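Single-structure report; data block below.
Letters are used for the chains, namely A, B, C and D, taken in the order the chains are written, and counting of residues starts over at 1 for each.
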Amino acid sequence: MKILESTIEIAVRFSETDAMGVVWHGNYLKFFEDAREKFGEEHGLEYLDVYGEGFYTPIVKSDINHKASVYYGQKVLVKATLEYHQASKIVFKYVVTNRATNAIAATGSTTQVFLGVKDNLLALIKPPFILDWEAKQNWKEV
Amino acid sequence: MKILESTIEIAVRFSETDAMGVVWHGNYLKFFEDAREKFGEEHGLEYLDVYGEGFYTPIVKSDINHKASVYYGQKVLVKATLEYHQASKIVFKYVVTNRATNAIAATGSTTQVFLGVKDNLLALIKPPFILDWEAKQNWKEV
Amino acid sequence: MKILESTIEIAVRFSETDAMGVVWHGNYLKFFEDAREKFGEEHGLEYLDVYGEGFYTPIVKSDINHKASVYYGQKVLVKATLEYHQASKIVFKYVVTNRATNAIAATGSTTQVFLGVKDNLLALIKPPFILDWEAKQNWKEV
Amino acid sequence: MKILESTIEIAVRFSETDAMGVVWHGNYLKFFEDAREKFGEEHGLEYLDVYGEGFYTPIVKSDINHKASVYYGQKVLVKATLEYHQASKIVFKYVVTNRATNAIAATGSTTQVFLGVKDNLLALIKPPFILDWEAKQNWKEV
């Protein structure tokens, strides 16, 4: 199966560090968001496009595993890989690497669903525009 | 002139500290927001009421003066005082006191304007509901 | 087994909402932190005490499950329950309830480890002060 | 007089928007920080260098003037210009331009002082390393 992924480099903000001198654990969800954003840009699946198709894609689940600290002044690479699922959801896996040490700082995942902008209802099957997008990417289970 | 003010106690969050071990300077704008919120509750001028009257009240100006650091584990008192203005705007002054030391940690101010929810236009004169609210508070220049 | 838990009420900040009009998903980790803090206060296990004993307790793992949105102007109750573990780690489970609707907004968990302040080494067995604290709480597996 | 400035492009994060659908006003201080950072990189005056010289440079004053909203999906250019001062302080002026509209979104300024890492004392006159840096930049009042 084709692997769909994107990687973004992020310079850690001073405001993102905490009194232990490292990036506050919750800020990794912002880094994941940046990587999803980059994925959207590179693979033609941007938030505003999805919204244009009548859907929000709220996060319903997220997890982070911290492996090593990231300090102020360091940069990280965040790789987002889309996982194929039959079900009507979007699952990304993330790997955050500290550029200063080449060590993995964190891994994680997020799950999003499709929610109708007008009716606020959950799309129980994949919306047609997503099936089209998957076909265009030659993105399928094997 | 009557003084309209409200005070709120805030326990500093660990996520609000930075690598210098103190509350990151930008987070004081969140403390100001909490104090405005408390003011709205206590004086009957809540964000959602204002929205119900057809207005947003975006911040157009803010400033902060830092006097002393606040450390994790400390609590602050934030006092918001409404300043009377003839012009169609809302101006709050703030004083942030560190409860652990009784020292003033910061002062500041914010200016908000009235923006129509429907037309996105600036209200150049005070909206009637604000004049009513001021009358009810016996809130006027002397 | 005795259940050790604490609950805190949090008024959602305007700055914590996002362009979908609801609390941004990552901010729940701040709510979890507030609940841990409250737990520390109520059960005598505060961050600064732990630091005084020579340990940091960094988060190594966290997850959030979102069940329903929380809107600006609403308050949430966050309950943190400590889970008993033989291993040298601190595991909290969280339930976030929307006070306006009584619906569960989110659940989640965090895992913390003990890291020596001086040597930066992981404590592979529970530090003595924690065993003392557990004994005092009559906190044990049954 | 030579003008010392740096400009950085920032993609607005979804988590930085608020329930009015625009970037939350306080987040501009993060954009200012990014621009200072860029300035430090480009002009050889990085936070960690300054720390290495024995000084913190905490923000003691900041202000923001908002001119127009920035929406999710938009990018901003933030220009930081260093202002020459005889006094022992660092003053930056900022201009935030919305790339999507070319409109100025905000302007602002920050003032930093030199605080000794060891003694926590304010440097009432410019530290020697700053005078050296100014000389190297041919940075002086005329």
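One rule holds for everything that comes next: a residue touches a chain if its C-beta (ideal position, glycine included) is under 8 Å from a C-beta of that chain, and two chains touch if they have at least 3 such contacts.
What you see is a predicted model, and the numbers here were worked out from it, not measured in a lab.
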Inset, instruction - Going by C-alpha centroids, which chain is farthest from subunit A? Tell me that one. - result: B
Legend entry - Between A-C and C-D, the pair with more C-beta contacts: A-C
Legend entry - Euclidean distance of C-alpha centroids - subunit A vs subunit C, Å: 24
Inset, instruction - Take the average of all CA coordinates in subunit B, do the same for subunit C, and state the distance between these two points in whole angstrom. - result: 30
Inset, instruction - Between subunit C and subunit D, tell me the centre distance in angstrom, where each centre is the average of that chain's C-alpha atoms. - result: 35
Legend entry - Sites on subunit B at which at least two other chains make contact: 14-15, 22, 26, 29-30, 33, 72
Legend entry - subunit C contact footprint on subunit B (complex, rising order): 11, 13-15, 29-30, 33-34, 37, 46-48, 72-73
Inset, instruction - Mind listing the subunit B positions that touch subunit D in their complex? - result: 20, 22, 25-27, 29-30, 33, 56, 58-66, 69
Legend entry - Contact set on subunit B toward subunit A in their complex: 14-15, 17-19, 21-22, 24, 26, 71-72
